[in-house]
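Consider the two complexes below, in which chain A is the common component and chain B and chain C are the respective partners.
Coming up: the complex of A and B.
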């Protein structure tokens, strides 16, 4: 029991991280932000699922994928297909030439629902598919690559190519996928209006809870033998292989795990934002997702969440005022992370606690009184002004 | 031609050849290792010693020939299958995991939980801990279990890697220059360690230090330009004129 607690939460430090993040996401933000902004935070959090996957794959496993948008998109499309079918009941689509099929299919002269779409009429199937489809695709790609010992830059380039192929494929098959516009105008989930304020609050909290469950699950996984294996593989792949491990299968597993997490993120994105389009699948979003993980600190689970939150908040605020400059800012940020703080925010926090941690714990007890006096003086000044 | 007859040897290497762009690094080599034998391979640089080990453990694919272990052909098997069949390999430069502690280094070498699912379900049970302590004792690192690999001395890293192999209880242990970079005292301890672990398994060692070889070897094989030059006890090798000419003479 004690060891389970240790493995899930990762000791005192881990509990502190969890409490701080939980307080921020579950209390501070919901109380201080309007539902419009909170919904945006919810959207950013869906990207942190992808970033968590990248922490496992890239930070721990040492395999960089520049195509995580593929899995985010697959998860999102699986969810969106179900919602779109629900929104396309014969009554609300009676003005179409073929009522009962999604509007974009009608515009593309389709008269019948494609077979691919049929199973997505059922919610359990769609929910399972949001996880299983990305994982399966990752398995096929991963098995083909890692069994042939493709890695490093080559793997990154291939994943990037796959992201491009999928986004172009979705773009080009308008009748089947909604094309460039994606799948839009999603309304209800089993009759529950996902656009209402109430639903947005519920979905936000569902996202947070899932995020915490996944973080704890990953901590459990990393604190066991798998964590050591990933470290070992990252350091000396040959030694692991000659200790009797099939290294490629471990990489396939991590890739599938990262893909499944991205898929969950994609599904939650669709529920909260109400659409999905190829613009979330291609190269640019995939690279942005890597930047979230890099800024947060690519081997820190909590760092990934903060990275996704901060970069996206920056993106929103910045592009509200200077839309043209955002891409430069993003590029600059990436360079800064690589050059100045390669371990991201998590590395920065680590450095600060190492430098000031002992200083704090030494000073705190004996000098408690002066600190109070100082803060007292400060407030006095504040009220006078 | 893959031989079909069976042998009583633990390892039977026949007509082994590998050529890299026409250069034959190993050329028609025959080598037989008995059970419980400690064999040392010596030879000048470029003789193909390390390449032979690479081919046995699956790192390099031979052009021709056969490598049979317990009469099972190893050529073509993936590396991890060869390890699971009972062949352990230590590399020339110590390859340990610097970010893991001595205990963790030994733990991940324990032959259980080698599949992905097995790895997820793996817990450090009593038999694992006991085995780790036993091996740590053997390799003189019992007091350093919590030390990160990066902080070990060069000699201790060599021992740790031997220990990682011992965790797997291999029937054939291949060590590439195990005492390189060790002090005289450490060499002595290593010789004692090797003698202690030989019963029950066979060991192939590549080594240059002739004094060390004389201390441990049962049989010595001399390679030269990818071919077998001589084979015999240390005494026979020392008096072999061909060996003196190409190797021991200078």
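Coming up: the complex of A and C.
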């Protein structure tokens, strides 16, 4: 029992991190922000699911994917297709030439629902699809590439190309996907109005709870054999391979996991924001998702959440007041986080605690195992946000 | 006609890919700001054109040739500075280079937007670039397309000569193959890196200059082609100049033929999907060096 506690929460530091984040998300923000702002925070939190996936894949696994928007989008589209079908029942769409199909299909002269859409009439299917579809796509891509030992830069470029392909593909198939405008005007989830204030509160808290569950789950995963494997692969991939492990399948698994997390984020995004469009799938959003993880500290789970929150808050504050400067800031952020703070916020916090920590706590736990101490840049549990 | 459209896309892709083949293919630096260096070249030509037409209208016919050279120098200098200020600190971390150059590209794009405005601009082209040949009644070959193709041919030859027939090219290839050894025999590898990067960016600048003859230039026109360009280089096999040429040709022809049969962007989607699929089966690209590293 004690070891399960240790693995889930990661010791005293982990519990402290969890409590701070929970207090912020569940108490401080809901009490201090209007529902409009809180809804925005909820939207940013959905990106932190992607960032968590990237922490696993990039920070821990050393594989950078520039196509996480693909999985975010796939999850989002799966959710949006269900909501759209519910929003376009025959009664509310009776002015269309074909009632009962989504409005954009009617505009594109479709007369019946495409087969691809049919299963999305059922909520359980749609919910499972938000996780399984991204993971399946990731499996195909990952299996093809990691088995051939493609990694590093090539993997990044090819995933970026996939992001471009998917966004162009969605854009080009207006009748099937809603084209550039995406799927909009989503109103209810099983009769429950998702645009009401009440629903927005509920969805915000659902997002937070899911986020905590996932963080704990990932900590559990990382503190076991999987975490050791990822660390070892990141340090000396060949040696792990020569020891008889199938390195590629571990990578494929991590990639699928990251994709599934992004898919969940996408689905929650659709529920809270009420639309999805190819502008969340393409190259630019995908690479911005990387910066969330990088700002937080690429191998820190809690850091990813703070990173997503901070960058997005900065983005909306800046674009409200100085729209012209935002891109400079974003560009500067990309450069600064790489050149000056490779370990992001988590690294900064770590430095501060090392300098000032002893003043506050008398007993400091020697956290790092010998292997990790040698590697220097990596901390074992990565929960030092 | 589709064939010719393909040829002109081929020239554009090849022009962009040549610079990248040096920077990415040879040095292994993922320069996501490559498109912006191209846009820098295009804007330089635009600036030259406005200056010439305001102050020296007599030169209006011949300025374009000089503008291309100036574009090369401007983009090359910018590349030199970027290497010195940013890239050289990141050689050991390729994934971080990728993020940093993306940041650089955002900054450059916004810089263009603030300097030249968000609207697309076109330089005033000299008379001799306008119009088209008519070998027969049904065939219409635009001169600017032929010009770009000629420039591409010239530049490809120049790059090849540089890489395989010049001292600096030799040093560059030596540095790429074995950095420590090259340093030991007295090559200033840091300087070679900087010059190589500057050269690649300069070639991107020429590509941008050539681009102005067939399309207008906006702040984001560089980033529009960046993925295609990287795919050209990767698809061709990163360290092979011939592979780059062949894959640019294949991709361009594929896109223009697919664009004929499928509507809108779907042609491009089909071709990109095809490339990604082939790269998954054959990750080393079409023409890989048969040397194990």
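The criterion applied here is as follows: the second predicted complex is superposed on the first by the 358 of 385 C-alpha atoms of A that agree within 3 Å, B and C clash if a C-alpha of one lies under 4 Å from a C-alpha of the other, contacts with A are read in each partner's own complex, and residues count from 1 in each chain.
Methods note: a residue touches a chain if its C-beta (ideal position, glycine included) is under 8 Å from a C-beta of that chain, and two chains touch if they have at least 3 such contacts.
Quick caveat: nothing in here was measured; it's all calculated off a predicted structure.
A.B. asks: On chain A, do chain B and chain C fit together or clash when superposed?
C.D. replies: fit
A.B. asks: Is A:162 touching anything from chain B or chain C once the two structures are fitted on A? First, second, both or neither.
C.D. replies: Second partner only.
A.B. asks: Between chain B and chain C, pick out the one touching the greater number of residues of chain A.
C.D. replies: Counting contacted residues of chain A, the larger count belongs to C.
A.B. asks: Scan A:118 for contacts with chain B and chain C and give back first, second, both or neither.
C.D. replies: neither
A.B. asks: After superposition on the shared chain, which partner residues are touched by A:290: those of chain B (first), chain C (second), both, or neither?
C.D. replies: In the superposed model, A:290 contacts chain C only, not chain B.
A.B. asks: If you stack the two complexes on chain A, which partner ends up touching A:317: first (chain B), second (chain C), both, or neither?
C.D. replies: A:317 contacts neither chain B nor chain C.
A.B. asks: For A:27, decide between first (touching chain B), second (touching chain C), both and neither.
C.D. replies: neither
A.B. asks: Of the partners chain B and chain C, which touch A:148 in the superposed model: first, second, both, neither?
C.D. replies: The second partner, chain C, only.
A.B. asks: Just the number, please: smallest Cα separation between chain B and chain C in the overlaid arrangement, in Å.
C.D. replies: Taking the overlay as described at the top, chain B lies 8 Å from chain C at its nearest C-alpha.
A.B. asks: From the superposed pair, tell me which chain A residues show up as contacts to chain B and also as contacts to chain C.
C.D. replies: Residues common to the chain A contacts of chain C and of chain B do not exist here, since the sets are disjoint.
A.B. asks: Within the complex, which stretch of chain A touches chain C?
C.D. replies: Those in contact with chain C are residues 58, 64, 66, 141, 144-145, 148-150, 152-154, 156-158, 160-162, 164-165, 168-169, 171-173, 283, 287, 290-291, 294, 324, 327-328, 330-335, 337-339, 342.
A.B. asks: Across the complex, what residues on chain A touch chain B?
C.D. replies: Those residues of chain A that touch chain B are 221, 224-226, 228-229, 231-232, 235-236, 238-247, 249-250, 252-253.
A.B. asks: Once bound in the complex, which stretches of chain B touch chain A?
C.D. replies: Residues 57, 59, 78-80, 83-84, 88-89, 91, 95-100, 104, 107-109, 111, 113-116, 119-120, 122-123, 164, 168.
A.B. asks: Contact residues on chain C for chain A in the complex?
C.D. replies: Residues 28, 30, 86, 89-90, 93-100, 102-107, 109-110, 113-114, 223, 227, 230-231, 234, 263-266, 268-269, 272-273, 275-276, 279-281, 283 of chain C touch chain A in their complex.
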